[in-house]
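Dropping a structure here in structure tokens format, bear with me for questions.
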Amino acid sequence: MTKPRLRIGLIGTGFMGKAHVFGFTSAPRVFDLPCDLELHTVADITPEAAAEAARRLGFAHATANWRDIVTNPEIDLVSITAPNALHKEMSLAAIAAGKHVYCEKPLAPLAADAREMAEAAEAAGIKTQVGFNYLCNPMLGLAREMIAAGELGEIRGYRGIHCEDYMADANGPYTFRHDPAGGGALADIGSHALATAEFLCGPVSAVMGDCVTMIAERPDGKGGRRAVTVDDIGRAFLRFANGATGSIEGNWIATGRKMQHDFEVYGTKGALAFSQERFNELHYFSTADARGRQGFRRIEAAPDHAPYGLFCVAPGHQIGFNDLKAIEVAGYVNAIAGKAPEPFNFRAGLRIQTLVETIQTSSREARWIDVA
Amino acid sequence: MTKPRLRIGLIGTGFMGKAHVFGFTSAPRVFDLPCDLELHTVADITPEAAAEAARRLGFAHATANWRDIVTNPEIDLVSITAPNALHKEMSLAAIAAGKHVYCEKPLAPLAADAREMAEAAEAAGIKTQVGFNYLCNPMLGLAREMIAAGELGEIRGYRGIHCEDYMADANGPYTFRHDPAGGGALADIGSHALATAEFLCGPVSAVMGDCVTMIAERPDGKGGRRAVTVDDIGRAFLRFANGATGSIEGNWIATGRKMQHDFEVYGTKGALAFSQERFNELHYFSTADARGRQGFRRIEAAPDHAPYGLFCVAPGHQIGFNDLKAIEVAGYVNAIAGKAPEPFNFRAGLRIQTLVETIQTSSREARWIDVA
Amino acid sequence: MTKPRLRIGLIGTGFMGKAHVFGFTSAPRVFDLPCDLELHTVADITPEAAAEAARRLGFAHATANWRDIVTNPEIDLVSITAPNALHKEMSLAAIAAGKHVYCEKPLAPLAADAREMAEAAEAAGIKTQVGFNYLCNPMLGLAREMIAAGELGEIRGYRGIHCEDYMADANGPYTFRHDPAGGGALADIGSHALATAEFLCGPVSAVMGDCVTMIAERPDGKGGRRAVTVDDIGRAFLRFANGATGSIEGNWIATGRKMQHDFEVYGTKGALAFSQERFNELHYFSTADARGRQGFRRIEAAPDHAPYGLFCVAPGHQIGFNDLKAIEVAGYVNAIAGKAPEPFNFRAGLRIQTLVETIQTSSREARWIDVA
Amino acid sequence: MTKPRLRIGLIGTGFMGKAHVFGFTSAPRVFDLPCDLELHTVADITPEAAAEAARRLGFAHATANWRDIVTNPEIDLVSITAPNALHKEMSLAAIAAGKHVYCEKPLAPLAADAREMAEAAEAAGIKTQVGFNYLCNPMLGLAREMIAAGELGEIRGYRGIHCEDYMADANGPYTFRHDPAGGGALADIGSHALATAEFLCGPVSAVMGDCVTMIAERPDGKGGRRAVTVDDIGRAFLRFANGATGSIEGNWIATGRKMQHDFEVYGTKGALAFSQERFNELHYFSTADARGRQGFRRIEAAPDHAPYGLFCVAPGHQIGFNDLKAIEVAGYVNAIAGKAPEPFNFRAGLRIQTLVETIQTSSREARWIDVA
């Protein structure tokens, strides 16, 4: 019995484009997907670059015009890994053409745009996915499951961070990530900390932001300097709808940190601590352990923590960053086939943009703001 | 040649009283102090308890009336480890009698009281010390020295926490630590996070607080319940006078945490990370390390980090919590002898109370407040 | 310009069969390989199983007779992931047919068999690969490079282990891994510790073994018990040709350990420490660091450590176990294309079997034995 | 009611002499000892040095002749921290005079001497103590208690090390620690690894040694070089009487290691891992934990782990190296008062010397040797 084919068009061939392809080729080997995936067409800037990308990445066709992908009736799913500023136009075009859309984060620079995209997708009835692959980690799934099952009791406190140092050098040039519309550390990586916070603890109901610019100007690439107004560090106090309180920080000038996407969550019966620096581990404290024998235990990723076992039948062998993308693709393909809800759709992407903007506004206005 | 004697009166014989005695007996064995220390008189609630404490702790005399210590002309230094609410009365009496005063933290429940105490001490010209012994850790000294020497470059970001779980049990009784005047997690342990933040990065210039009560009532010890209004978690965003920004959190309901007095500090040229859970280590990242060889390095406490070498001539053997108290005593005795400035005097204790109250006010009023 | 095609036949579809396919499909997306890889035919026990495996794994053809793969002139490379006892027969048949052979470890239960296989391969001029993918870790490559470059100075001491707990349960059944010919913890996983030791420090010249059976009998799967004579723990003292000395341990009853493939290596100028439990890190101590600033530094895998950057352009994101297999495949394909030497050929696999057997003999005879 | 006084004479005022005094002054503050301790007389090389030591360390009397201490009827207990070669003569003289003797390790360079000392002590009926203070760690006590209580099930495997780097510099001078009689890394620090192994797992029944000299000559302090024949690394395979097997390593040229006194012990139901680098922690794995929630848990030292609570009523605050000495003193004083067995008497010290020599002999003769 043959499966339906899901024919894929990819726009953009950089780091995330490659990661998508990794997901598309790896997911079917690891998961028993309801569809076969076909790498149909890839779009890049020039015909030559596109042809080379097609060859290297395994697509049957290439184009220098992304609209060819959107309009091609043979294509079912459009992956968008182009610069952020293009996400909206591309997504709306693809949605209008009835394609499923898999768009890298952030969904759009501004929440208003993201909302338009989410509403268009919902109206069209197609399935969407935003790339928030840290959430696909089996250990984050375990954490969420433990919290939902009450293993930590009632949640009281949360601390989340996402700190890296890729903008720590003050002589690093001004980029699109510094653009006032949609730029800044909070939007770029603090968004991950927010996504994880809600993934684990449920909706945030109010925020107090603290967004600071530490490097006030950067080389403009033309021999001059350009003022930077977006945040290098974005912090927030959080109120969760479930009564818990917490904080997050996004920081792209944290010298020495490469992937400090960490959290600690404290409940009445236990606690969890996690660091993306060692993302195949989850540290768990239980007050139910015997006296004198309590302590944070280091749970290593294992087949008990689905879908780890599909990657490796032996515990402790560890999955990698790209495997998170394969898990994301599998979840999305199952959603397209109607087997499961969308793991992180445009509505979810909009939610993150809303949180980011609310925090930015809160910081600017120095007041607590309820999250709509 | 004999040294001058410093005759000590101790008020209070609980955990901190014992810790003071540990410091007084250990410091002279470890340090070459300018004075001999004599355990003169100890005060406890009853004559029997005081006599027993004198025997057990090594004091020559005992009393059930703390005023005997304050008025005894044979006593030079008064150690106050009685409940917080008594710190002010006892300190002022001792100062009035011309004694040096070594008072446990918090100096007083309210900053106004602490100010009165600091001013009285300064007017009297006696030497004071507040117990903030975490600052006496050689690794914190190393961190401060590295920052001061510019080894991290310009400081940009700071995260500090002090989280424990001794109040995590909602059935734990209401205590003086829950009293609206001076109580709460921020005052009790967040104060340590604030002290460390300023010890390392210099003065905080403005704060935004977030103090939350998570356990709204506790057993009153008489079969009923009593409302709690102080914070179980106290957070703050910080602005430092040197331009850095940061955050701290004090949390006494952090299930599983026993001594999470941690910080991370990020500069333009390096970073430090520290946890009191392993307080004989300091983790240091330097951008000057060779490419492909960079990483946080785990510096173990060693004779290179004074005064570690006075405790142990071999590196990596580790000092303990009580040794921090010995270091505190040594610093204070040197100050009394005029050999060094007071390490953490009443003025410094007042500073911490001021920060705590400013954060509490900021939280209540939901606005940024400059620190006076 | 089209590349030559390398047409692959796979024998065995279990854990390692799937891992090979993962490598074959992932490697071309990550590396710029000199050949295109084609999943031609897969062999499994029954036609149905083979057909299902072909569908799931992406092979064009299926067979229930592994000899179909060996004799098919369309196939260039035979991957052997069948039970160990069949490795020799399959490999020799494939070599005789002029195929390149990629065989899972151990190459054969006995060194004599492995020797016959290595010699046959060399005589036939085909390229071989044994699956020792832990060696493909960029951090192990970094360690080897650092040692070779003299960054640790002269190597003096080595400790290596490979400990897991998959045989810790005494009620786990007798399996082929318990067979006297080729079985035991030393052969099964101690072999990895030996491979890493020589990968880093060069040839071992003499050994003293200590192989112990701790679980003397196991369920035979038929309701009875069967005696076990192979080692549950295999230890060895080592002499290296370069003058260093060391030890290794293989242990499959190390309760709680899932992937403790660790080493520490000490030289005159520095040291390295590594754990496969966190295999994207390498800990490095340098005596050249400034006084008071020395310590083991945690180097995180980054693009500086080839080929990590081909998987991810950002540091600290981490590769997974399956990615090690992709690196192994890439190295092998390059060797087949004549671009590089074979990374770990049958001769290298024989070497490991020789070390294992020499240690077993040494243990049995309780004497040091020079390694041939 | 007054307690009996135990009047102490100390021979030697170096690092360990100071540590003894620390123990003597700290133990009574921490423990409720059955005797009062009096620092009576200290002996050093010259009258001036002794007088200065008496003043600094708190002794009432001083002497330049250690025999004054041994013969003084006012002294009850003689602490010997003089160079190893003098331990025997001093101990026998003190025993002959009916004193209790507290001797630093190693008890004597040779087991035969240690035997003579142990037998003399037993014949005289006095109480002895050898300084093996790592065993006094509450976390080692916890480990031993857990093993004895069967919490790990039947013990199968053990790995112990004691590695430092104080002899790593080949230009470090020849010292008494390099003397063929009693010198070498195995005797100096491997002895600690052996003591811990038996403390936890009971008697070792047979050994196979591997003692290697890596730095064949050292500066003789007179401008020349002197050959070194003792081991820089001493390893052993172990058989325990309880059926377990294991290994230890003593290594004083382990570059970068300051206090790597570590062990891992694996049983049928659980495992423990420990590092002296973080000696207030014990890592515990239990197979009884729920599926998917298993992992090594980090138990932090707490009042549940006696006698930690006597040092600090709060968990996680940590004790230091010198505190281990206070615990040792307390145990010894209780033994002298007949309240408890001797914690680690001369017979125990002899045992360690016997193990060391048996391993050295085994290494020299390259054969397994049963331990007498």
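Going in written order, the chains are labelled A, B, C and D, and every chain counts its residues from 1.
In this text, a residue touches a chain if its C-beta (ideal position, glycine included) is under 8 Å from a C-beta of that chain, and two chains touch if they have at least 3 such contacts.
Just so it is clear, the structure is predicted and the values come from calculations on it, not from any experiment.
Any chain that touches chain A and also touches chain C is listed here: B, D. Placing every chain at the mean of its C-alpha atoms, the farthest one from chain A is found to be D. The greater number of contacting C-beta pairs, out of the two interfaces B-C and B-D, is seen for B-D.
Separation between the centroids of chain C and chain D, computed from CA atoms only, is 42 Å.
Taking each chain's centre as the mean of its C-alpha atoms, chain B lies 54 Å from chain C.
Separating the CA-averaged centres of chain B and chain D is a span of 34 Å.
For chain D, residues that reach two or more other chains under the stated contact definition are 257, 294-296, 300, 302.
Listing the residues of chain B that touch chain D in their complex gives 15, 18, 21-22, 25-26, 28-30, 32, 56-58, 164, 166, 257-259, 277-279, 300, 302, 311-323. Residues 152, 156-157, 159, 161, 165, 168, 170, 208, 210, 212, 214, 232-233, 235, 237, 245, 247, 249, 251, 253-257, 264, 266-271, 285, 287, 294-296, 366-368 of chain B are the ones touching chain A in the complex.
Across the complex, chain D is touched by residues 142, 281, 283-284, 286, 289, 291-300, 302, 304-305 of chain A.
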